[in-house]
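Reviewing the structure listed below.
As written, the chains take the letters A, B, C and D, and residue 1 is the first residue of each chain.
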Amino acid sequence: MTKSKWDRKRMDELEQWVAYHRLQASEGKCASYIPALRRADPTHLGICIIEPSGHKITAGEWDVPFTLQSISKVVSFIAACCHHGISYVLDRVDVEPTGDAFNSIIRLEMHKPGKPFNPMINAGAITVSSLLPGDTPKQKLDYLYAIFQKITSSAPVVNEEVFVSEWMTSHRNRALSHYLKDTGYLDCEVEEALEVYLKQCSIEVNTEQIALIGLILALDGYHPLRGEQIFPKQVVRLAKALMLTCGMYDASGKFAAYVGLPAKSGVSGGIMTLVPPILKRESPFPDGCGIGIFGPAIDSCGNSVAGVSLLKQIAHEWDVSIF
Amino acid sequence: MTKSKWDRKRMDELEQWVAYHRLQASEGKCASYIPALRRADPTHLGICIIEPSGHKITAGEWDVPFTLQSISKVVSFIAACCHHGISYVLDRVDVEPTGDAFNSIIRLEMHKPGKPFNPMINAGAITVSSLLPGDTPKQKLDYLYAIFQKITSSAPVVNEEVFVSEWMTSHRNRALSHYLKDTGYLDCEVEEALEVYLKQCSIEVNTEQIALIGLILALDGYHPLRGEQIFPKQVVRLAKALMLTCGMYDASGKFAAYVGLPAKSGVSGGIMTLVPPILKRESPFPDGCGIGIFGPAIDSCGNSVAGVSLLKQIAHEWDVSIF
Amino acid sequence: MTKSKWDRKRMDELEQWVAYHRLQASEGKCASYIPALRRADPTHLGICIIEPSGHKITAGEWDVPFTLQSISKVVSFIAACCHHGISYVLDRVDVEPTGDAFNSIIRLEMHKPGKPFNPMINAGAITVSSLLPGDTPKQKLDYLYAIFQKITSSAPVVNEEVFVSEWMTSHRNRALSHYLKDTGYLDCEVEEALEVYLKQCSIEVNTEQIALIGLILALDGYHPLRGEQIFPKQVVRLAKALMLTCGMYDASGKFAAYVGLPAKSGVSGGIMTLVPPILKRESPFPDGCGIGIFGPAIDSCGNSVAGVSLLKQIAHEWDVSIF
Amino acid sequence: MTKSKWDRKRMDELEQWVAYHRLQASEGKCASYIPALRRADPTHLGICIIEPSGHKITAGEWDVPFTLQSISKVVSFIAACCHHGISYVLDRVDVEPTGDAFNSIIRLEMHKPGKPFNPMINAGAITVSSLLPGDTPKQKLDYLYAIFQKITSSAPVVNEEVFVSEWMTSHRNRALSHYLKDTGYLDCEVEEALEVYLKQCSIEVNTEQIALIGLILALDGYHPLRGEQIFPKQVVRLAKALMLTCGMYDASGKFAAYVGLPAKSGVSGGIMTLVPPILKRESPFPDGCGIGIFGPAIDSCGNSVAGVSLLKQIAHEWDVSIF
């Protein structure tokens, strides 16, 4: 089959699957803790796949904007590791999965007291945000925005309405942050770490942009469109290992079992995932790809219902598990 | 470089690394709860790598016999899934990693009460042993032994001294088993499930045999020496996902981060791991391989100190992470 | 008012209250884990109050037999302390209340590992049973039976049907026992400790007999009918403190707040409690009394619904709280 | 013996005991999280006993000022119950003891989510402070100060240095408060509840003043010097039950077992306790008394080492347990 025939076939398949899995969304519902998330259309489902050539395959509402939410945890972790080195960061946050909900405090108390289990749960991510270089939230965010810009070639935009809502309602995250301050794991003031964390969560993207992040992870930090290694390979591999073991909240184990790709989800319904190059000889993506998904109706763990369902089918039909 | 030159180079490297990492063993110590484990030589370190061609690379004390212990959990999980189908098994045991120690009861109480988190912790493995087909421990074990024989072409031998010692001292496992019986997750009597579980743990192997199991997992269930698909691909992929997220006790996250290969360890000091075919173009094992390691001095999590240390070097130098 | 007029008034009140609180029983249900408990009549409610003179006030089904269940924990704790001294026993079981259910394992793992929180939860009570003097279950039980006989002047009778049922279904208690064996807190074999514990739970009594135990506790170990100090005062005071802080399962705090008397309940619906002498000048029991209650419909914590409800009224109307 | 001879004898005994138990203080150390507590003299030990007649017995450094800290929890609980009624308050905070440390978050997550276990742990006390009547921290505090003034006949003074230090370092309490806000148990803003709570903790007293509070509790809310019932009897009894089951942090069970009196301690080294009237015929305090103790060297649970030690001797020698 020629490349273009392949493409046509895959796009047709994707369109059918998106139409089918969109129906699954009714088993979830949009996050409701702030108005902006509550207003999302629960029937939306979109996907964008980008290959190293820059070639894109899209289906459904792939270009509807949404906020990064927890997907930002991957980028801020990479950013902190780039600046401080891996071992500095891992002295402050562990890399062990946990069966708990993303916002649980229990484990903070039981573990080496206060050290967050991993950078993909809120406690770990807030710790990581506090580690970003800079003396003020603005400096820390500027560092992070510069990294986003390197990836997407445009300055990230914070959805101010979302940020303000998050800021007002973030009692659980404040509880976690004060706990971390008490145990000495926070590198700046509570309100500063929270501002950085909640602003990075409020960056507005669409599936193409997170697919691009995924693609660079697939290529171990190499940006194929810029032709430049933008992150150290070791940092990216570590991030992918964390995505696989902890990226889908307390359904990470199930996602690894049924899909088998490193992924990170957010409560806004986004999922960023990727296929490494030449996993198996017959892969439809021999050079790897990045995948961005948006489906705002989420399940009780916080993952897009239709998005996970669609990814199970993709992994099965196209045989792209890393296992 | 010709194939044989490659081989020579790799064997030389392996010999040097084994000599070096053997020194790490002094940071751990042999499991001491039963005499047979206590008697092991903590300075031992051996490795065997098998490629699909049957070609073997070995170094150190690769042929010293040891008992499978928790490595058997992978085989019994595959066996139960082969017989009952994946969904039957996953109704009785979950697939989520947990940050707890392998023998923790806490999570059994907090989780959907009593359902084990995953088949790689003791509670889950005992549940899986109870699911093996057969009305008696003997029948269940015969089913399991037949699977071992299919892999290694010889009947497995149970180390009776180890089994009897385990049987006498296994209070924690009895506690877990009675708890599982109480919550309804055990498919047979407590003493029957324990007999099966402790006998499968007491099967004697050397690194070549576990490397062979690893190789078959690397090839998604295909036995290259028999030329036969002996396990369904989906079952093997699920087993590998579980190994990656939960296979190294509560250091699974760190192992995924620093080594990045599906692996399962046992308290006797064994580690079974594998490299899938053609992960990256420049892999020294383009067709995949199975790896067996033995180093009886273990750390506080229960993993071979020298073995993990050696695998970090292999993963780094030969660049074989799945991420 | 003359003594006999007082008595008449109190008996009339008691009869009315029993009739009223009997109706509360419909909010609970009989324990159902074994047939003998399941068969109890949930509408039953009986009470017996004994004063130091031997004078008895009774109402309702006060003479229906039931098994001691957890009420036995108080007697075995006193027995173990009489034999070994308080400090020996408290080295093996703590005296802290816990907000957990009586059969929880969680706390065993989190606490100084394995040391039971207190002798009123199952883990602590099984530990205490293992401490009774004697090399066999029979010897340990004989020691305990002798103490019962000293109190009630007749040999205790074990309900064999209940014992056998408990023995067959006691998976949770076996789990606790094996855990305790593993952590070294059990002074004999698991099956021996369980036999002692489950037989003491299966002793058949009626409300008069437990009221008599309560009376002796009220008098700090003095048996008024025998005219003899049968337990050391310090041991009895300790037992009463434990009853107050831990005696009503995880509703102990509420019972202390709303009733304010040392008490111990059992899942068969029994409650043993007591009023110390001259708590307040105007007490209807200036010399103290023991109170036995039976009401087999229990709540989710394991306490007799009608019994607790009746005791709240008694405490309120007769003003007998120790606070 | 005449009354005055009795008094002399008791004062002599007290002086000897204080001299003896002062030596125990070296096993503890002063709270060190803020300068004002760190500066306390760890060898200090003082006691004041007040009888309903107003007669005082004192020994040691009974008049050294210290801050109320957690002892204030009893007064604010009584205040909230006086204003709202018991059931309103107990809808927002439970009355169950817990084996956890006073500042633990774990139980908040495991329990009916977020409802504090009892008003004697920080989470419960902060909730209670938020319930005090008034729309501002000042109004809430004025309500509480008025109650103090009714007891001690002088306006309470807040140690501003202590309050400011607490306010700056109170990360753990802020974590608890934000958690409570998230779960809906806080009746005002986080910063408001904290201001009230930390100011009540910073009220300066000496042992005489807390002995006076204890005396009023001993008399079920009756103020003998004013000749007035200042709190409802039911509220005071409930407060005493809570002090007995939860008043000495996670050593409450041990204190009930070895001392047997309702008591509340604070990290500044204060203990407020009491003897109810005519507990036993031969009591040295037939009309009851209040007891205030100050000994700033505390143990790992947060209780005055010398204070607890002294109270064990008093309870033993004077036979004043409520059991």
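In this section, contacts are C-beta pairs under 8 Å (C-beta built on N, C-alpha and C of every residue); 3 or more make two chains touch, one makes a residue touch a chain.
As the structure is a prediction and not an experimental result, all values here were calculated from the model.
Enquirer: Any chance you could name the chains that touch subunit B and subunit D both?
Expert: Under the touch definition, subunit B and subunit D have A, C as mutual neighbours.
Enquirer: Quick check for the class: compute each chain's Cα centroid; which one is farthest from the centroid of subunit B?
Expert: D
Enquirer: Over half of interface residue numbers shared between subunit B and subunit C means same, under half means different, so which is it?
Expert: Counting which numbers both chains contribute, over half are shared, so the two copies meet through the same residues.
Enquirer: Of the pairs given as C-D, B-C or A-D, which one copies A-B, with over half of its contacts the same by residue number?
Expert: C-D
Enquirer: Measuring from the mean C-alpha position of subunit B to the mean C-alpha position of subunit C, what distance in angstrom results?
Expert: 49
Enquirer: Distance from the CA centroid of subunit C to that of subunit D, rounded to the nearest Å?
Expert: Distance between chain centres, rounded to whole Å: 31 Å.
Enquirer: Averaged over CA atoms, how far is the centre of subunit A from the centre of subunit C? Could you give it in whole Å?
Expert: 56
Enquirer: Taking each residue of subunit C in turn, which ones touch at least two of the other chains?
Expert: In subunit C, residues 110 touch at least two other chains, as defined above.
Enquirer: Which bits of subunit B are touching subunit C when the two form their complex?
Expert: It is residues 104-106, 108-110, 171-172, 174-179, 181-182, 190 of subunit B that touch subunit C.
Enquirer: Under the definition above, what is the set of subunit C residues touching subunit D in their complex?
Expert: Contact set of subunit C toward subunit D: 94-99, 107, 111, 117-118, 237-238, 240-242, 244-246, 250-254, 256-257, 260, 262, 276-281, 321-323.
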